[in-house]
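Naming follows writing order (A, B and C), and every chain is counted from residue 1.
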Amino acid sequence: MSGPRRCGAVVGTALAAALLVGCAAPGGDRASGAGTSAAVTSEPDCGSGPVVLRARFETGFPLAKALTDEFTRQHPDVTWEVREEQYAVLTQNAPRLLADDPPDLVRLPQVSDLAADGLLRDLDGYAAWFGWDDWPAAHLRQLRVGPGGRPRGTGPLYAMGFSTSVTGVFYNKDLAARIGFREPSTLAEWDDALARAKGAGITPLAGFNSGAAAGLAFPLQSLMAAHGSPSAIDAWTFQQPGARIDTPANTEAVRHLRRWLDAGYFDADLNATDYARMLDRFTSGRALFMVDGDWESATLDRLMPGRVGFFLVPPVRAGEPRAAMTGPPTFGIPAGAAHPDCAAYFLNWAVTDRAARELTVRVGGALPLGPPDAHVPPVEPGSVTATTLTAAALVAANGTGMDFMANATRAILSESWTPRLQELAAGEGEPDDLLRKVQADYADQVDR
Amino acid sequence: MRWRRVGWLFVLPALAVYAVFVLRPLALTAQYSLYRWDGVGPSTWVGLANYREVLTDPDLYGAIGHALVLVVFFTGLPVPLGLLAAAVIRRTATRPVRAVLLLPQAVPLVAAGIAWSLLLSSTGAVNRLLDVVGLGGAARAWFGDSSTALAAVGVVGAWVLLGLCTTLLLVGAERIDPALYEAARLDGAGPWAEFRAVTLPGVRRELWVCVAVTAIAALASFDIVYVTTRGGPGDATSVPGFEVFSLAFAQREVGLASALAVVLVVPALAAVAPALRWSR
Amino acid sequence: MTTGRWERAAGRVVLLVLVFVTLVPFADLFVTALHPPGTYPPGLTWPRDPHWSNFATAFRSAEVAEVLASSGLIALGVVPLTLALAAPAGYALGHLRFTGHRAVFGLFAVGLVLPLEAVVTPLYHQMRDLGLLDTRSGLVVALVAVHLPFAVFWLRAHFAGVPPELTDSARLDGAGPWQVFRLVHLPLARPATSSLAVLLLVWTWNHFLLAIVLVDDPVRRTAAGALGAFQGRWGTDVPLLCAGALSLITPLLAVLALLYRRHR
C-alpha cells in the first residue's frame, strides 16, 4: 500500500521541481540608463551599405511616412519598415515595445517614464553635433527629461519632432456665415456664437471622446488656459514639485465645459465618437467648430479649400495673449535601436532638408522645426494652413504655448483623463470632483 | 503492476508542457502579486499591499463587479434561450439552419465586437429599427452611454455563446430516447410538463457544461472590451481581463496586475468548479 | 408524432428569430464593407455604388494572405501537438487509472477553469527569457499548453467509456500498454479526436489574448490577433475595417462548412 503514497510523493516532487520559481524576487538590476549621453565625435550617418530602418508611426498622420519615402528617394540605400498604429495602441504598447523589440524610430506619447527607465536614447550628443541646441529653446523643451524622469522641461533631450504644432478652433465658413459669426475676441463672444449656432439648429462643436483618447481634453485644456495660465498647467504637466491641477481657475474651466455639454453643444454620441469620426463630421459640414490642431490644416485645405477658418481660443478679457497647446509630435530613438545614428541623421535631415521641410508644410500643414534661418516654404495665401502657421508663430512669440496635459504621466491619459472626461460627458459626477480625482491619481503615479 | 505505473509515462509529456507553461506561470503570478515590479527593473517586496489596493480601489474591485454582471449576460441569456431553442427546434431544424446557428462560435470575438459596434452605433441598425417601431427616443450610442455600455458588451457575448449553447444542448436533446417523449405524451403531458420531465433531465450534463463554459468566458472576458469600449465610457465596462492587460503591459504595474489576476481566479474556481462537477 | 400544430409554428418562429439574429451582424459587416472608404454609413444600408475594391484594399493592407498562412502554420502546430500530448494522457487518466490519476486530473481541472489573465504576464516574461517572444513557435507552445486541460478532459471522458474487456483481450494476446493504445484504442477514438481537432482549429484561429501579448508582428499572429492589429490601424476607416474583418474570418468558415458537409 506504499504505492499510492510513493507515487503521490513523486508527483509532488516533480511538480514542485517544475514549478520551482525560486524565492528570488522577480526582475533584475535596473538597466543603467543605456548611458548614451556620450558626446558624438564623428558625423552620425547611415553608413555605406544598405540599411533597413524599423519605425513605428501613428495612423492618420501621413507626414512621417511621407518623410521616410522622400528620405529613401534621396538615400536609396536606406529603406524603411514602417508600421502604423492608432495613438492609444502606441501608447499602450510603447513600454514593452521599447524594452523587448526596439525599432529605430518611434512615435511616442509621454517620454518621462520611458527615459527614466533607460528605454530611450539620450539625444544630447546628436543635438550638440547637429546644432539642435541653437534653435529657440522653447521648441524642444517638452522633450527634455530630468534625472529619474522628473521634472520634464529641463535635462537631456530624449526625443525630437519634425514640426511644432498649435491648437485652436477651426470653423466652417459657410455655417459661420449663416449665424453672422465673426472671430471672437473674448471667451464670452465665443460662448455667444456657440449659443446662436445651437439656436440655428447647427451642431456647434464637433468633438470626440471615445476609446482611450480623452478627446475632451482639447477643449478643456484650452478653457483652462483661458481661465488660468498656460505656465501653471505646464508646471503640472512637467511634474514640477508641488504643482496641482485642481486649482480654482482650472475648476472654473471644467464648469465651463460642463455648461457646453449641458447645453447640447456637442452631439449626444460624443462618448462613442472617435477622432476620425469627429473629423468626418466637421469636414462634411455637420458642425460649426472643432477644437483641434494644425496637423489637420493640410487635410482641411484639401477637403474644404477656402472654406475653413481658424482662431486661437480667445481669452477671458479682450486683448490678453491667447494660449495654445503646442509642441512637436514626439519621435524617439529607443536605447536598443539597431541603427541609432541613422535614425538621428534622418531626424536632422527632416528639419533641415529643403524638400523635407516643404513636405512638412504641404502634408503636415505645420511649421517645420529647425534653425531660425531655415527655409520656410511658401503656402497658399488664404488657406487655413497659412492661418495656423501665423498663429503658431504668434504663440511662440508670446511664449503662451503649453504641452498637452494628457502627457503628464504615463498612465494619466488612459487611467484618469479618459474615464473622468467620459463621465463628465455623460453628465455624471460633479465638475469640482473631476480635477480632484485626476490630481489624486497623479500624486499616486508621481510618488511611485 | 507494470500497467499501473506505465500510465505515468503516458501523462508525463502533457503534464510537463502544462506544468511549464501554465502551472509555473500561475505560481509566478501568485509570487509577482507580492511585489511592486515594473517588469524590467528590480522589484520590491510589498506583502499584501497589492491585494489591499485591488480590494479598496473602486476601479479595480469595480472591474470584478462588472465581470460578475457579464456572467448574467454571458450565462443568464444564452443558457435558458439555448435550452428553449433546443427544446422547440429539436424536431424542426434542418441541416442548413443548424449550420447557421453554429456560425457565431467560429467567429473571433474581436470580429463579433466589430460587427456589433456597428449595429449598436448611433446611426446603426438597432437604432434605425427602434425608430421604425416608434421607439426612436430610446436610441443612443449603446457602447458610448455609460448606462448601457456594459449591457452592450454582454449582448455581444450572449450572441456568440447562444449558438454554442443551442448546438450543445441540441446534441444532448437528440440523444434522448424518443420513446420517452412518446411515453410522456401518452401520459397526457403538455409541452411544458414534457420539457420538465424529459428534455431537462436529458440535457443536464450539457447544461452544466454550458454554464461552466459561458461563466469562464464572462469572467475572463477581454477581446470584446478590447475592440469596443476599452473599458469606457468612464470605467463603465472595465473588466479584470482588460485591467490586467493594461496594468501589466501599458502601466507596467506587474504586481498589481498579478494581484488582480489572483483575485479573479477565486470566483472562477468557486463558480465554475461546481458546475463542472455536476456535468459529470 | 403527436406534436401540436401550434407547437410546430412556435418552433418555426423561434428558429426564424434565431437565424435572423445570427445573420444580421454578418449582413451588416458585409454591406458596410461596400460603402466608400472613410465614410460612416448608417447601419444596414446598401450603398448606391458598391465599392468591391474595399476587399482588395483590405486584403492588401491587412496582409490577409500572409496572416492566413500564419494562422494555418500555427494551427498546424497546435492541433497535432495538442492531440499527440492529450491522447495518451486522456487514455492514461480515463482508462489505465494508474495510481495518482486523480491528483493529476485535479491539476488539469485547474487549467480548465483558469482565466487566461492569471498566467499571461509571467508567460510573457518566460517567453522573453526563452527568446520565444514574437515567434510562432512560442505562440504554438503556449496555445498547446492552455488547450491541454480541455483536450485531456475531453479525451479522458472518451477513454473512460471504453469497456475494459477490450484491453484485457489484447493483453492476453501479449500486447504491451503502448501497442494496446496505438492499435486498439486510438483507432476507436477517431470520432472523439476528430471533433476535438475541429474545436482546437477554431480556438487557435480565433485566439486573441496570447496572440497580441506574445507576438507583436501581426503577420506572425493568429487571424484574430491580426484583426486586432488591423483594427488598431484601420479602426478609423469603418468600411475598410469591415472588409478586413470579413476577409480574415470567412476562410475558416469555409473550411468548417467543408468539414461539416463531409461529416454528414
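The definition used in the following text is that a contact is a pair of C-beta atoms (placed from the backbone, for glycine too) under 8 Å apart; a residue touches a chain by one contact, two chains touch by 3 or more.
If you're wondering where the values come from, they're calculated on a predicted model, not measured in any experiment.
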Graph distance between subunit A and subunit C, where chains that touch are linked: 1
Highest C-beta pair count, chain pair: B-C
Most distant chain from subunit B by Cα centroid: A
Between subunit C and subunit A, distance of the C-alpha-averaged centres to the nearest whole Å: 39
Distance from subunit B to subunit A - Cα centre to Cα centre, in angstrom: 37
Rounded Å distance, subunit B centre to subunit C centre (Cα mean): 15
For subunit B, residues contacting two or more additional chains: 4, 8, 19-20, 23-24, 28, 32, 39, 121, 249, 254
For subunit A, residues contacting two or more additional chains: 3, 7, 10, 15, 26, 93
Subunit C residues counted as touching two or more neighbouring chains: 40, 98-100, 104, 107, 125
Subunit C residues touching subunit B - in the complex, by the definition given at the top: 1-4, 7-8, 10-12, 14-15, 18-19, 21-26, 28-29, 32, 40-44, 85-86, 88-89, 91-93, 96-101, 104, 107-126, 141-142, 144-146, 148-149, 152, 171, 177, 181, 202, 205-206, 208-209, 213, 223-224, 227-228, 231, 238, 241-242, 245, 248-249, 252-253, 256-257, 260, 264
Sites on subunit B touched by subunit A in the complex: 1, 4, 8, 16, 19-20, 23-24, 27-28, 31-32, 35-45, 59, 121-122, 140-146, 229-235, 246, 249-252, 254
Complex interface listing, subunit A residues touching subunit B: 3, 7, 10, 15, 18-19, 21, 25-31, 88, 91-93, 95-96, 99, 117, 209-212, 267-273, 410-411, 414-415, 418-420, 422-423, 425-426, 428, 448
Footprint of subunit A on subunit C - complex, ascending: 38-40, 98-100, 103-104, 107, 125, 128, 133-134, 216, 229, 232-237
Subunit B residues within the subunit C interface of the complex: 2-8, 10-11, 13-15, 17-26, 28-29, 32, 39, 84-85, 88-89, 91-93, 95, 97, 99-112, 114-116, 118-119, 121, 123-128, 159, 162-163, 166, 185, 191, 212, 216, 219-220, 222-223, 226-227, 240-241, 244-245, 248-249, 254, 257-258, 261-262, 264-265, 268-269, 272-273, 276
